[in-house]
Amino acid sequence: MGYTAAVAGASGYAGGELLRILLAHPSIEIGTLTAGGNAGSRLGEHQPHLLPLADRVLAETTADALAGHDIVFLALPHGQSGPIAEQLGENVLVVDCGADFRLTDPAAWEQFYGSPHAGTWPYGLPELPGAREALTGTRRVAVPGCHVTAATLAMFPGLAAGLVHPEAVVVAVTGTSGAGKAPKPHLLGSEVMGSAAPYGVGGGHRHNPEIVQNLSGAAGEPVTVNFTPVLAPMPRGILTTCSAPIRSGITTEQVRDAYQRRISDEPFVRLLPEGTWPTTAMTLGANATLLQVTVDEAAGRLVAIAALDNLTKGTAGGAVQSANIALGLSETAGLPVAGVAP
Amino acid sequence: MGYTAAVAGASGYAGGELLRILLAHPSIEIGTLTAGGNAGSRLGEHQPHLLPLADRVLAETTADALAGHDIVFLALPHGQSGPIAEQLGENVLVVDCGADFRLTDPAAWEQFYGSPHAGTWPYGLPELPGAREALTGTRRVAVPGCHVTAATLAMFPGLAAGLVHPEAVVVAVTGTSGAGKAPKPHLLGSEVMGSAAPYGVGGGHRHNPEIVQNLSGAAGEPVTVNFTPVLAPMPRGILTTCSAPIRSGITTEQVRDAYQRRISDEPFVRLLPEGTWPTTAMTLGANATLLQVTVDEAAGRLVAIAALDNLTKGTAGGAVQSANIALGLSETAGLPVAGVAP
Amino acid sequence: MGYTAAVAGASGYAGGELLRILLAHPSIEIGTLTAGGNAGSRLGEHQPHLLPLADRVLAETTADALAGHDIVFLALPHGQSGPIAEQLGENVLVVDCGADFRLTDPAAWEQFYGSPHAGTWPYGLPELPGAREALTGTRRVAVPGCHVTAATLAMFPGLAAGLVHPEAVVVAVTGTSGAGKAPKPHLLGSEVMGSAAPYGVGGGHRHNPEIVQNLSGAAGEPVTVNFTPVLAPMPRGILTTCSAPIRSGITTEQVRDAYQRRISDEPFVRLLPEGTWPTTAMTLGANATLLQVTVDEAAGRLVAIAALDNLTKGTAGGAVQSANIALGLSETAGLPVAGVAP
Amino acid sequence: MGYTAAVAGASGYAGGELLRILLAHPSIEIGTLTAGGNAGSRLGEHQPHLLPLADRVLAETTADALAGHDIVFLALPHGQSGPIAEQLGENVLVVDCGADFRLTDPAAWEQFYGSPHAGTWPYGLPELPGAREALTGTRRVAVPGCHVTAATLAMFPGLAAGLVHPEAVVVAVTGTSGAGKAPKPHLLGSEVMGSAAPYGVGGGHRHNPEIVQNLSGAAGEPVTVNFTPVLAPMPRGILTTCSAPIRSGITTEQVRDAYQRRISDEPFVRLLPEGTWPTTAMTLGANATLLQVTVDEAAGRLVAIAALDNLTKGTAGGAVQSANIALGLSETAGLPVAGVAP
């Protein structure tokens, strides 16, 4: 084995996916599991699909309970990671699946989250330029938001190569698990089945400033992002349609070349063969992002579409990928790349 | 009663929805039902939900079978309406749910449909400026495409009022019934459940030139439209997210006012209260289009979202609405405005 | 019009379906709408699909608010109808969609509901022998449980005709709306999509004694009922598979004849043509129950399957059907018999 | 590695699931992939979720193409395995996911499949008494039908222990992938979403005689089985509700003890804690069967419910489990036991 990992927030969706992945990880052993309101109960009551862990009892989420492990994965509500992380030793690898340490601009944090900014950690999207260097050897990782991973991987190659003007439009169809397990009326099965429902329209979604941050970084200039998420009747999956005005004379072939160059060595990102468009079903349970790009010549726009599983590559898989890099393990260790379909 | 109606293509999804609506219509009696490959069989084998018509036997789709009615609704594959319509008398009201007579530009027709252009009929979207005048008393109606109805109703008020630059981006999440009843592997339940799947990306969808035609007409100048439909796991419903660069200084309040002015007298279009976004579930089985608009100030774009039922307001309901106008009946006769939810 | 109706519990699923039906009823006008926790808010916030009623404000559920109408429909949590009904005048038609007045046996009520028995009202399943007589002119109606309507209509003809031994096995696949709108973790979309989940297994479901009551009444002897409901990923619909040991020598043809005799005059029950099995999709939004029967000769059992919409024929449609009878209106007034499909 | 495996029928659902499992198997290397009509195309066109195999080209399904491997998995339409198997060497381990070699009674085969009986192979349900012995070292395995695995595992412990009379009633809610990938109208997403649909009612389903065979074998006497499958709107999963008349005086505790004794050493079968009922979501993608049992005292029946994934434990996972035994590998090698949820 070599490493032990605690998981905070083990009864939620992100926590459950972390555990599913860690169960198959060759170098990480699952240690203490913690929860908030569910502390004291068996994991099997909350995650009955994780049979081998059914009898594990959830401890309360405290720094004491999490101490003594090589790695601590935090899958907590936004704002709760900061106080816990402060109490964990500097040599512990802390991987935060929440938003607390993602943004570099304190003003953006305060505008969208309404609380003081906790700081900025190395960013867990290894596919971004410079990210692997920052992750190697780090003991703190901020895992990106699920929508952010999809939109960033779809658009940054085009922006980094200067193919488009810095004005992106992003519409993301998403499954319901991204909204978490706390029961709310609009998330009831009766409400979501048969319905497509937009939310956070017009710039209000908390993932918006994070997409702006990533794309502006890749472009080397400020990028505007008009982002609309749409809830769809499926448990998992994000299908993100991005577009931006293409620079004069750029062809689909040139776009494909630029994307291919950027991602050809990436183990978890694929540009599909021409004519095949990604779907969320292709990625269920896999740490994979599938891409396709084209130029709409009549409208003068580059269109880039990404599909991923919001809980795997969008959260827990991405977290383990970054942890692998931080620890010097093989980046692909323990990460499934084939999806579950149909 | 007063009028009799034949329905061609009665075993398909559009045909079935026409019949569901006509069963409750106070002034139209259902006459002959026809089909292609299903001719000779009982309607109950194909539309078991239409209990009162279960024992009707389907005739073959010919002009002879359809003759002798006041109204003929055509719900046929694209390209088949033209030859039939030619043989129907000039005094018969022919309402075509197919694409054959929608486009005004023969070149656009030939580019997207690959066959000679059959002509152009009065356009069955009464909410467009001048449309009711053209429909009143007509004996030929071209019903718009379902995606076209949604995108047009979402964007034309903003374009007509000069609020935005003529460059629209449209991403439409759609249920599966729009793809029809002919069995294809990618439409299997096993494939569509749990998946969001884009198609016709980059300008290739046949509804694209029709959206361009409507929006350019409303704007009084050429409008570009980058259109991406995304298949989602639901039988019915279209949720269309549209955006365009907003002209300098325009506020959300001004946008709401402009939309409200345009649609305040419309019986089948509603601008929802501020803060409420339309969902497809709100419109199931109803001849209704629900709208919401806002300005994304950081991105400088107007965002307008429309929801409708692709088979009702998007096809069969819109067809009956236009037929009502053509015949001088109340425009709302027989049309449900409350949806079926949850 | 003639009659006015108040609806208590208008923000819930049963209340919403009552309103959808009443909107199209030719002789009933919608009066006061009340709610519990949602009192004071607009109906449009809770039932956005009911566009014509969007601006109605919900009153608090009190006898005073409900007074002054010809009819009061109660769609309240179990146990709340009794106290309200006591305060409503004897001349008001009170139609209770809850369980309070369904059971004749106080001991059964107390065993399954754990509170004192409120009494027994005329039973709103007109298809049962003697039921229409009891309903005619009554001012109190107890609407059956949704599972009960399906299981009773599937099995009582066979029991009444003495075709089977009085030992029924009932497995009912049901949509999620029957569980109501109060948010609970196991009803989240993320949990129900992709899952079939049994509940109340082994005799514990509250509809169990009511099925026993109906079937025993029809058989003229005690009938045992082993009932298992299974939650399936659909918003509406119940598909109930019933079976019982067939008496020696009875053939499928004899069974079909017995069923056909029993229901041939029923406006809302159909025995499908031989070889066609009912599905829930055939009944969406319709006040219809579809049946099919056969004999499994190798296993020696009659199999009877019923499909209905739990909110329509299973609750709100059945309620209006009984109200029609009570008031001396046409039994079918205002009731849709064609479903919404696909 | 050690072993190589060819997969015939690699473009179908069972074939795809075999490949997903084999990709993670520590001792089996994936060799030739074959198909029927899809021969000559890339696997990625049919199984886009299997990224590591996307560029594999499908050979035609012939004995020559399959030769030269240690193992051949056959995932072919019923009736096609026999002729192929005959041409494969006696030392090749042939694992047939089809029905051809499951039944011991030629008359039952001919009645349900309408063709001459090909023979009987060792039966790939290791949990049945004596099955592991028959599988050890064999070079031919007949994998059970998916419904059969669920019904057998739910009921055989009760029958083997003499707890019930030999008259089982089985109602199985099933996802759509069991019906395969050949497009048929009733399997369209538009048809299956929102619908529960019974099929093969009354003893006609081909899995019926196989359930009878297994349960009669376990009981030591003929068992009748009234079997009703119900298609539900989910891609995968079977939830099987079984019941039978309980022998006088048997309690739930005795039943739990009998089941627990029978399966306590089984790696892939779990009796859940009392009060928890299995759901299909708990088993998605896992080689697991979850059980719960109770006694309905009022109705005098034992109720046993099983959940599994029809493509994993129900087909491909069961196939690999049996192959592991046949080859002398660890029975659990390469088999996931944690599911993918939500």
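Structural remarks
First chain written, first letter: the chains are A, B, C and D, and each begins at residue 1.
In this text, a residue touches a chain if its C-beta (ideal position, glycine included) is under 8 Å from a C-beta of that chain, and two chains touch if they have at least 3 such contacts.
Given the structure is predicted, the values throughout are model-derived calculations rather than measurements.
Residue numbering at the chain A/chain D interface overlaps substantially, since over half of the positions present are found in both copies. By count of C-beta pairs in contact, C-D exceeds the other of the chain pairs C-D and A-C. Taking each chain's centre as the mean of its C-alpha atoms, the one that lies farthest from the centre of chain D is B.
For the pair chain A and chain C, the distance between mean C-alpha positions equals 45 Å. If you average the Cα atoms of chain C and of chain D, the two centres end up 37 Å apart.
The residues of chain B that reach two or more other chains are 13, 177, 188, 190-191, 193-194, 233-236, 279, 281, 284, 342, listed in rising order.
Across the complex, chain D meets chain C through its residues 167, 169, 171, 173, 188, 190-191, 193-199, 201-203, 208, 224-226, 228, 230, 232-237, 239, 241, 243, 245, 252, 277-281, 284, 292, 294-301, 303, 305, 307, 342. Put simply, chain D touches chain B in their complex at residues 13, 175-177, 179, 181, 183-185, 187-194, 233-235. Residues of chain C touching chain B in their complex: 13, 16, 19-20, 23-24, 44-45, 47-53, 177, 193-194, 235-236, 270, 272-273, 276, 279, 281-286, 288, 290, 336-342.
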